[in-house]
Structures are given as structure tokens and as C-alpha cells.
Amino acid sequence: MRVAVQSAPFDPGAEVQAFTAGAAGAGAVVTFTGILRPDGGLTGMEIEHYHGMTEKAITGIVAEAMARWSLIDALVIHRHGRLAPGQAIMMVATASPHRGDAFAAAEFLMDYLKSRAPFWKKEIGAVGEAWVAAKDTDEDALKRW
Amino acid sequence: MIDILYFAWVRERIGLPRERLETDAVTVADLINQLRKREERYAAAFADLTALRVALDQELADFDAPLAGVREVAFFPPMTGG
Amino acid sequence: MRVAVQSAPFDPGAEVQAFTAGAAGAGAVVTFTGILRPDGGLTGMEIEHYHGMTEKAITGIVAEAMARWSLIDALVIHRHGRLAPGQAIMMVATASPHRGDAFAAAEFLMDYLKSRAPFWKKEIGAVGEAWVAAKDTDEDALKRW
Amino acid sequence: MIDILYFAWVRERIGLPRERLETDAVTVADLINQLRKREERYAAAFADLTALRVALDQELADFDAPLAGVREVAFFPPMTGG
């Protein structure tokens, strides 16, 4: 497994390529990429994170996914700092012998990263800045696991 | 001595990212009450605990958790990763 | 949307890169890649398909996904002919403003491709060949949609 | 005249991928009964209809579907794509 918390941009295509090539024996690879949408005059995003806890929390979430599903490998990349619209915010990838496990684990990782990894997003627009509010639906999403 | 960290709007409201305190607080809730009394900006930041989360030594915890042995307390709003 | 039914191998990483780059306005991209696992002495796979109906059936399934979920784009690539172990059999990709839609549509596409796209897989091993049997669970998977 | 296509083990059992027939069959089931009577290999291929699927002009259909206007009938086992 690999967990990367980084300020540098990354290329989802290159990451998928490397992850797929490295997942020998996998029959199914699922990837999710979250991208900063250029909505309503958004000029950027600033992602604050809790250095130290972030890596620990994500590693714990990935370890739980590997314990719950039959996974050959898993990858989480999450950016912090300043992002431009259209850039990838984060990605997860899962490799499994079976498609059901790869899908379930990827959705589990996403749901937990949303609400249990210490990141805070601030949207930056032409007229000001605003912290993104957590959604009740994101917290509710954890209940299905 | 305990390190206290603030993130996102909690950090902005209090005006600093971290500080070091001497405290005899037994639980997180005790510590919050002590902080509230210090200054208006603390009272404002800790006005609504349902809008806050706490981590003790980088693990999520409840407000009634004990502080014995804890070296780092962090306060922040609900996380918005992913 | 793009549907490609082809005998030539493809590079999942390059496809994800191109798909993600082309999905302007997407906040979420989900990809699934099915890979031929080198299980128990498998030396290859031969995929037969119904030329004409295959393209029509997949296009219909993708159109239904685009109607049911908020999708900006969708991609299906499926190989036919002879495959070597470790090669990608097929991939789907979905791009949406929302992660829930991207995941649901990708799983829907996979479930329907399994049981409603006219492909037939034959496993080729050192000691012989055998048609892959359809699984009841694959047929059951359609009922959730 | 109607084109009949066979795929996967149906093709292997019957021994050819497609053929052209003159038929007065009204439904798919009628056509299958006519084919069964032709030769043992057809009877074998069509022995268990639960193991077979049919498409009319490249759309999945039921065995009781009418053949009027249909130009291409395909018989095959359950699909194993993905």
C-alpha cells in the first residue's frame, strides 16, 4: 500500500498506470479521482491539513480496507496547500482478484477520507474565501460500512 | 505542559495555529472551559461544540475523554477531505 | 461518450489520462479495469463477440447510464480475440460532478457489461480450453438497478 | 430467408458460425423445433433452453417472440463480458 500526502500536483493517468502495472495478480482495479471543479467563479482552493495525524489516519483507513476486503494493493494520494481549478485533489486506487471487493474498498476509502482524514478545504473565489462545510450526508455515508 | 493545535476556522478565530499551556484540566471539556474563560476569541471559537472535533495525540476523541498522559490536543471543525 | 470494441491491447493508464483530461467540469472520475489474472496455469483467453450487436448493446447500456446519473462523460473499452495473462480485458470510466453518481454509474456499467454485452470468454490452459460459465450472481447483480 | 448465427459452445456444437435458412416458423420456439429435427448436433445444442439466449436482429428476445420481419436470429449461451 502507498499513502502520499503532498502539496505537489500529480498526474492521475501516470499513477493509474504505475499502480496497475504493480498490482500483479489483480483481476480488478478501481480508481477514483477527485478534481477541483471550476464552479461559479472559483479561482482556487486551499487545503489545510494536520501534518502527522493525516498520514496516520489515512494509513489506518487503508489498513482497515485491506483487512475487510480481499485487496492486493491500495493507494491514496491527497494534496494539501493551494490548488488550481481542474487539478486533481486526490485519488484512491484498489486492486483485487474480484470486482466487487475493488469497488467496495474504493467507496469505503472515499467515505472515510471525506470525514475522518484531517483535511479542511477553503474555496477561493474572486470575491472572497469560504471554508467548505462538512455535509451530513458524508457523515451518514459512514454508517453503511 | 500540553500542546494545543487549532485548524481551519478554529485557528482563524483564535488567531494562532498552536500554543503551549500549563493546565490542570482532567478532561477535554475541562480544558475547553478553561480556554473559554481566557478571552472572547476563545469563547467565540468554543461557543458551539457540535461544530467542533477534538483529537488527542492525533487520534479522534470525545469531549469527555481524560487528558492524563496526553501531549497534544487538537481542535478543528468536521473534516472535509476527499 | 466513447465505446471501443477492439482486438488490440490498450493501456489503461493512457486511457485514464485522456479521459480525465477530456472531462472538463467533472469533480469525480471513477475507472474500472478488468485484467486477465494468471490463475492456475492459465496461458491465455479467447474472447468471442457478436460483431454489430456488441457495439449496439454497449452503446445502449452507456446511454442508459447517462440518462440515469449526472454524467459528463463515459467510456467503455472491451477487447475481443486472444489475450495474454496480465493484459487488460476491458475498462469503464465515468466522469460526474458528484462522486456518488460516478461510482454508481461505473458499477451499473460493469454489471450490465457482464451479462448483457455479447461476449463469451474461453480460458486457455496448458491442458485444454473451457468456456467460462455465466454466474448466477452476475445475473442477480442486475436486480439492484 | 433468415440468417441464423451461433456463438461460443453453440457454434462449436453445431459446427458452423452461421447459416441461411428458408423457414415458416412463426416464433423462435418453432424455429428451434425445426432445427432440432434436422440433425443430432442441433438436437444436442438446443437440448436445454435454459442454457441458451436468443437475439433477434441484434436485440435480446424471448423464445416465444415472433419471427415476422426478422432477418437475423442469433443463439448463444449466457454472456460473459466484463
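All chains are identified by letter, namely A, B, C and D, in their written order; residue positions are counted from 1 within each chain.
Operating definition for what follows: contacts are C-beta pairs under 8 Å (C-beta built on N, C-alpha and C of every residue); 3 or more make two chains touch, one makes a residue touch a chain.
What you see is a predicted model; the values in this text were computed from it and never measured.
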**Asked** Approximately how many whole Å separate the CA-defined centres of chain A and chain C?
**Response** 23
**Request:** Take the average of all CA coordinates in chain B, do the same for chain D, and state the distance between these two points in whole angstrom.
**Result:** 72
**Prompt:** Between chain C and chain D, what is the gap in Å from one C-alpha centre to the other?
**Reply:** 26
**Per-residue overlap in chain C, given as positions that touch at least 2 other chains** = 34, 99, 110
**Message:** By the touch rule stated above, which residues of chain D touch at least two different other chains?
**Reply:** 82
**Message:** Chains as vertices, touching pairs as edges: which of line, ring, star, complete or other describes this one?
**Reply:** line
**Request:** Please list, in label order, each pair of chains that touches.
**Result:** A-B, A-C, C-D
**Request:** Give every residue of chain A touching chain C within the complex, in rising order.
**Result:** 11-14, 16-18, 20-21, 24-38, 86, 88, 97, 99, 102-103, 106-107, 110
**Request:** Would you tell me which residues of chain C are touching chain D in their complex?
**Result:** 34, 48, 50, 52-53, 56-57, 78, 89-90, 110, 113-122, 131-134, 139
**Asked** In their complex, what parts of chain D are in touch with chain C?
**Response** 5, 7-9, 11, 55, 58-60, 74, 76-82
